[in-house]
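First subunit A sits with subunit B, and in the next complex the same chain sits with subunit C.
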Partner chain A sequence: MAITPQAPALPIVAPVADRRSLPSRWRLRWRGDRWGAGAALLTGIIALPLLAILFYLGQESVEWNHLAETVLVRYLTNTLILVVGVSLLVLVMGVVPAWLVTTCEFRGRRLLSWALILPLAIPTYIAAFVFYQGPEAAIPMMIKIRLRFGVEAFLLAEQVIRYGLLIVMLAAVLYPYVYLACCSAFSRQSRAVIEAARCLGDSPGRAFFRAALPMARPGIVAGVALVIMEVINDYGAVHFFGVPTLTEGIFRTWFGMGDKVAALRLAGIMMLVVAALLAVEQWLRGRARYVEADAGSIPMKRLPLRGGKAILALLACFAPVALGFLFPVGRLLHWAGLHLLSDAGSGFPAGMALVRGLGLALATAFVVTALAALFMYAVRLRESRLRRALGRIAGMGYATPGAVIAVGVLVVFGTLDRFELPLLPLVSGTLFVIAFAYMVRFFAIPLQFTRAGLERIGKPLEEASRLLGHPPLQTFLRVDLPLLRAPLIAAGMLLFVDILKELPLTLILRPANFETLATTAYSLASEARLQACAVPALLIIAVGAVGLLFMNRWLQPPLKNE
Partner chain B sequence: MKKALFHSLLAALAALVPCSQTRAAEEITLYTQRHYEFDEAVHRLFTEKTGIVVKVVKAASDELIVRLEEEGANTPADLYMTADGGGLDRAKKAGLLQPFTSPVILEKVPATLRDPESQWVALTKRARVLIYSPARVKPGELSTYEDLADPKWRGRLVARSSSNIYNQSLMTTVIEANGAEAAGAWAAAVRKNMVRPPQGSDRDQIRAVSSGLADVAIANTYYLGLLETSEDPKDRDAAAAVKIFFPNQEGRGAHVNISGAGIVKSSKKAALATQFLEFLLSDEIQSMYAEETMEYPVSETAKWSDIQLKWGKFVADDVAFSVLGDRNAEAVRLFNEAGWE
Partner chain C sequence: MSDRTPLLSFHAVTRHYRGNRHAAVNAIDLDVYRGEIVALIGESGSGKTSLLRLAAGLESPDGGEILIDGRVVAGGSIAREIPPESRHLGLVFQDGALFPHLTVERNVAYGLTTKDKKTRVDRIAACLELVGLTGKEKRFPHELSGGERQRLALARAIAPEPKLLLLDEPFSHLDPALRRKLREEIRDILQRLGQTALLVTHDPEDALAIASRVVIIDGGNLMQTGTPAEVYRRPANQYCAERFGPANRVIDRETGEETWKRPEDARWIPCDVANEGDPVVIETIREMGAIYEVRVSPETQPGETWLCFLKEGEILKPGDHGRVAWRGTPDRVAWKS
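For the complex of A and B:
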């Protein structure tokens, strides 16, 4: 059941009901295909800002040749170094704890199982400030290296420390994507497979590598793909650590050289990198197909660990939390303390505005998740190549830098403004614009969750409802929606946390006098006021952590093994 | 369940409705690059004095230019403010600003610190200087920006990334003074003399000098001021270990950039916006800038802060600020070729 090479996909999902098998009055309605039209329309609306950007791609670029000759190679190498380094590290930091937490029993397991997702609440630009203390603290050692071993050794050590620390930092706050994906994959694996491996003489370790890990591959890949897109999109941390990637190149070319076309070509290359990595994975996977154990199979029983093994397991699970959450939060608490104790720490700016920021994030998360659920339902109502493509296009914003999307949204609304539509002034320049941009940027998240949820539900219930004469909308509301409650709430919460952390898009599009926690933290940090910046940073982390824990509660599959 | 869902949907939609309730008071909208907490205090002072509310959008100067261009005549913005002279010049050339007609501004601000066609005016000045360790740099060793290319500085310099607008503006003045070819060679030599690849903020460059890694940093003066008055004792120690040197004093002078503002072309509140600019240029506010953000006032009658007086008077490069805007792309191109990341 693990990998069945050469075999076609097993139809756990029944083939879509043939149109002819439906009652005749259905056929008439079906022909209108309002769901398909709705999905296409929504895709169009979401893709509009991206298309506006693509429109510039074909135009003539003054600086492109110059870029290609000077900096392009460096941008590409840096991007690839980070992608490869962070991917490898998140595999270790995500997969191992996920395996231990789902299949073993040891002291501290329950606490760590949710603490392991907390680093996701820390924005990379804030983690960068904290981790940059590393190179700064290493300066005395660096000076010794220069004195004893010369300049070359010093420069080498400097590079290694800086790149290494940046990779560790990014991995430490991003590994939870892999951890979450693996937890869900491992906990749904059938015990029978692992037991078969054990019966055939494999040690628990070998069983992990030979059976559990290969079976979890789609989940792991999905998690790593998210990590890669976050890494490629990062702007603040790489700039701070002096590792210019394609994203930094985009801003530098666009805003510093005023060459929109060359900047967008860099963005195009960035999307190609993502596509290429995913294609490589597809190719490596070959013709293997993956089938999840159905609900009836026996879940895994946790293996109790004692003594040294329990301590090792505890350490393996604790280390990522310590690095990705406890260390940065500890440093921030120290700074916040310094700030609040000094007399400068009297006023915390814009309390009300921050509440509005939170409100916007919550409302947007809610609406976007609802739209994504309907969209995915429409896509799955009649699977086709075209509809799957719609899903892929609608999720494209996730691989596009926030600032590029912001500019695309500005172009769209600016163009619409020129037509002087009657209702538009009500909309442009308001929170609606920014909420729309969040949707373009993050639509992939609820989409993924809904897709996974609908796949798990399967078609039979829905078909029963439809055959009983309920129209699709009713079927969706009464059958699928209640079953989708857990993944939708989880998606909404993850979306909420992501919007809360979002910076570049928010900076460009926000209406006047609108502050979020992220923009407040950023203002203070760009004034080099790290102590004052620690307060809003901690608030982002606190609100985000609550959201994540809430998400985790809904994500946990019901435990049946007790 | 259904009802709760409906209610939360209503609440969600309500949060997205445009927020234009505050129509009673007069207000102006400011698009600004300046991220300083102190600016908010200044806006509050202005409101107290005049009853005019200042609404603010903060983002990078070029991002705001893109936003102004796309919003066109429908923009809510009345004023555009930057922390860099090049941005003001680019906004002017993009046709986004309108001239002001205020005798107060014309009288208060020296002609070199405002646009010849009165489309923008400087509000504060910031000097980009050399910050050095008095323990490791001999008094006669420092002289000019150009001298930083000398091999005697190998492994002794630090500076931040050339993606930063302050470095780009400094580079435009080097191009203006010495020509593109010499400027490119200068950037390559300075990059070679750096002890480590560019990284961090100006503040981190100063800390690299105070911790002994480097001997000289290129940085803006007010970052040193911020370290001197920081809440963290480590920051204050770092500031105490370094000194400021104003380069090119025998020649064109130290590179001075400005923070300034202009009235947006489509604004219908030019009178209110002018009133706001005049307020910012009053000696009261100008002296507060010197005290709080450690930027230099543009008004010659305003007081400098004690820290600024301690740093001392200096000769400033009076290159036209249109140079900063015109040569910016060229500066980035030369940085790219020089390998200064």
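For the complex of A and C:
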């Protein structure tokens, strides 16, 4: 049969002359880019707290000079020591297992390949109060040192143990960032390139150092950058170990000394440090496209290991898991058992407040993921440098420490309060403020997932939909959204877990009578009620671990069981 | 709208990409009339795909204007470009761009606007029958073969009855045998529907087999336009000639005019028969099945060689003198006897 071409009911092209005769041409132009305007507006709102901090940098401060003369250097050196120490350690703990797991075959490899990411489920402040038992165990030795070598040596030894343990502990829970980045880099590497290196006379080990490692460098750098941001962001762990960094400086200055401007200046310094770090990372990653092989190439065939080598590989992969996950979880389980058996275990602390915390995390995760998906779609709708910049700015909160964002949000809402806007009391000082701060802090997570998802879907599908008569919003709902389901669920999970774990921002912004699992665990631990705090801590870890495995299943095909 | 109004026209359309010195599309004028099947042909990077995307509204022109049915849709004086969804064009993508989450029938239904269920169902059935996919309604795109996917892409594009169908290298991912078959099928479908179409391809066979008019593009500039026979037999320049296989540059002895001749149009004339054609010396002879590939050097154009497909290869040998004349060239010379 033939389909006779017939005139459609609607005019083919809307009459242009009519459009032009409308009163305001400006309005037409603006309406033409509603998506862009929306994206720009959202970016502006997200950037507001960060801009507020920059604004306060120039203000007068009473305490600043005092601060700069006394503790600023200490904050900076401590931050630097931790950053350098942890970076070096995570390189070893992340790269070696990643290489073994992706390129070798040995007993236990599959199990370890996903167990190695589990330490990520343990927040640093929880790991801190488990590991803090270390310095106490060293007391008898310290006494001997004091008696035999004098005060100087004693102080030095005490510092070395404290800093060393803090570095080891941070590395033990943060190395999975590097591990994940390396796994994805190694498994994407073309087998042909490594085989070429072997044919040119390299042993497997030499091929690793001369070909595989340099090719994976951008991925490794990205992983280490994430670790460094976490170290700078940390509040709980450094507080426990008595190693004040810039983040702790903000807490002390604002809430201890009551000097807002000085605290904001500290926040500004942190932002500069992070910006410098990001610039280096961007520069290194910008060349990644040249370095990485395309995903379509044949994956590496794993080298089977036997005997002693297999045992060594197993140990190298098991050690980080044991240190970063099994040890802390074991201790916590032990404490939780003791707690539940004792009388104190009857009442769970802050029950209702906690439910509100969970509800907030869930709702925020949902809304922020949805917003991020729409935002990323808007940014990608038209290719332009400005839109790419919007995407980058909106995700900057992830690189900004939680304490800095909290301070920025306080300043913004404090300023707004002064104008006495009619509806403001409804939002200011409520859960809305903290939810907004979570969005600023974690917007990058769903953004990244959506970006990757949209890139996988590809432009042609959107173009096909547009040509078949569906405008952008309909195209998003009918084509992109169904295809984005998996990455969006993964992003939502990760966001939920991150909000549950978040400590510094929550501590600063939470309204009265509001607790999250994180604040409950932290306050119990700071009261040295370790056994009681084990219960919320384990809950955080459990939720986090489930979220991680979920995300790993969706988004890391190379790590999935083949 | 009379039939004289072009369905699609480009007026001095220019498109520049950031970081490129040369315009991808350089002040091109082109009209596509109702019922035509126009093939845009050129090397990769010649600007042919850009032209197609400009027509579809997937890109915006930096200069000039684009009209559909006599109305400006982009560039020129209008404040806001007509977005792709309002242009009512169909586009068949290079790799199909089928929606992976929708079944065959829902892919076809995607562009239909009618709410009437009966009309929808009938239309889907008609389109699927047209492309020979009846019975595969419930399948998903990944369950189809390469040829079936491209047929589905075609069905989806023609389902909303677009005024103009755009095809972007629709056969390039298919193997040669399938390519030939699908090409003919699609040509039949387009002719049966009386569908106006604009096809972008780098394959001369696609262009010659399907198109009613061929447009050759190079470096963003329009080189030649004409019927398939015209562009094949009378290429405007070397680039146009080479699009469709080997061609020999022949300089007319009287007018000094450059022309391009196809190897299969060569006729061999032994020296003593006539003084028709140009005197040549045979350089190499290669037997290629039914014909012989003979390379000759024309005495009038020293330093050049011509490629001729001749049947009388077995009686020739390198070094022989003779003459080569070209079919389709008016005979100016009288026979000797």
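Operating definition for what follows: the second predicted complex is superposed on the first by the 404 of 562 C-alpha atoms of A that agree within 3 Å, B and C clash if a C-alpha of one lies under 4 Å from a C-alpha of the other, contacts with A are read in each partner's own complex, and residues count from 1 in each chain.
What we mean here is this: a contact is a pair of C-beta atoms (placed from the backbone, for glycine too) under 8 Å apart; a residue touches a chain by one contact, two chains touch by 3 or more.
It should be emphasised that the depicted structure is a prediction, and the values quoted were computed from it without experimental measurement.
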item: Partner contacting more residues of subunit A (subunit B vs subunit C); value: B
item: Which superposed partner A:Arg418 touches (first subunit B, second subunit C, both, neither); value: first
item: Touched partner set for A:Leu483, first subunit B, second subunit C, both or neither; value: second
item: Contacts of A:Gly258 with subunit B and subunit C, given as first, second, both or neither; value: first
item: Which of subunit B and subunit C A:Leu76 touches, first, second, both or neither; value: neither
item: Touching partner for A:Ala40 - first (subunit B), second (subunit C), both, neither; value: neither
item: Touching partner for A:Ala316 - first (subunit B), second (subunit C), both, neither; value: neither
item: First (subunit B), second (subunit C), both or neither touched by A:His470; value: second
item: Subunit A to subunit C touching residues, read off their complex; value: 1-3, 5-6, 8, 10, 12-16, 19-20, 25, 28-29, 31-32, 458, 460-461, 463-471, 475, 478-479, 482-483
item: Contact footprint of subunit A on subunit C as seen in their complex; value: 56-58, 68-69, 71-73, 78-91, 93-95, 97-101, 110-111, 113, 126-127, 129-130, 156-158, 160-161, 163, 192-195
item: Touching residues on subunit B, where the partner in the complex is subunit A; value: 8-9, 11-13, 15-19, 29-30, 35-37, 40, 55-60, 62-63, 66-67, 69-72, 74-76, 90, 155, 161, 163, 165, 168, 196-204, 207-208, 211-213, 223, 226-227, 230-232, 328-329, 331-333, 336-337, 341
item: Subunit B contact footprint on subunit A (complex, rising order); value: 63, 66-67, 70-71, 74, 132, 135-136, 139-140, 142-143, 146, 151, 155, 158-159, 162, 239-242, 244, 248, 251-259, 335, 338-339, 341-342, 344-345, 349, 356, 359-360, 362-364, 366-367, 370, 403, 406-407, 410-411, 413-414, 417-418, 425-432, 435, 507-514, 519, 522-524, 526-532
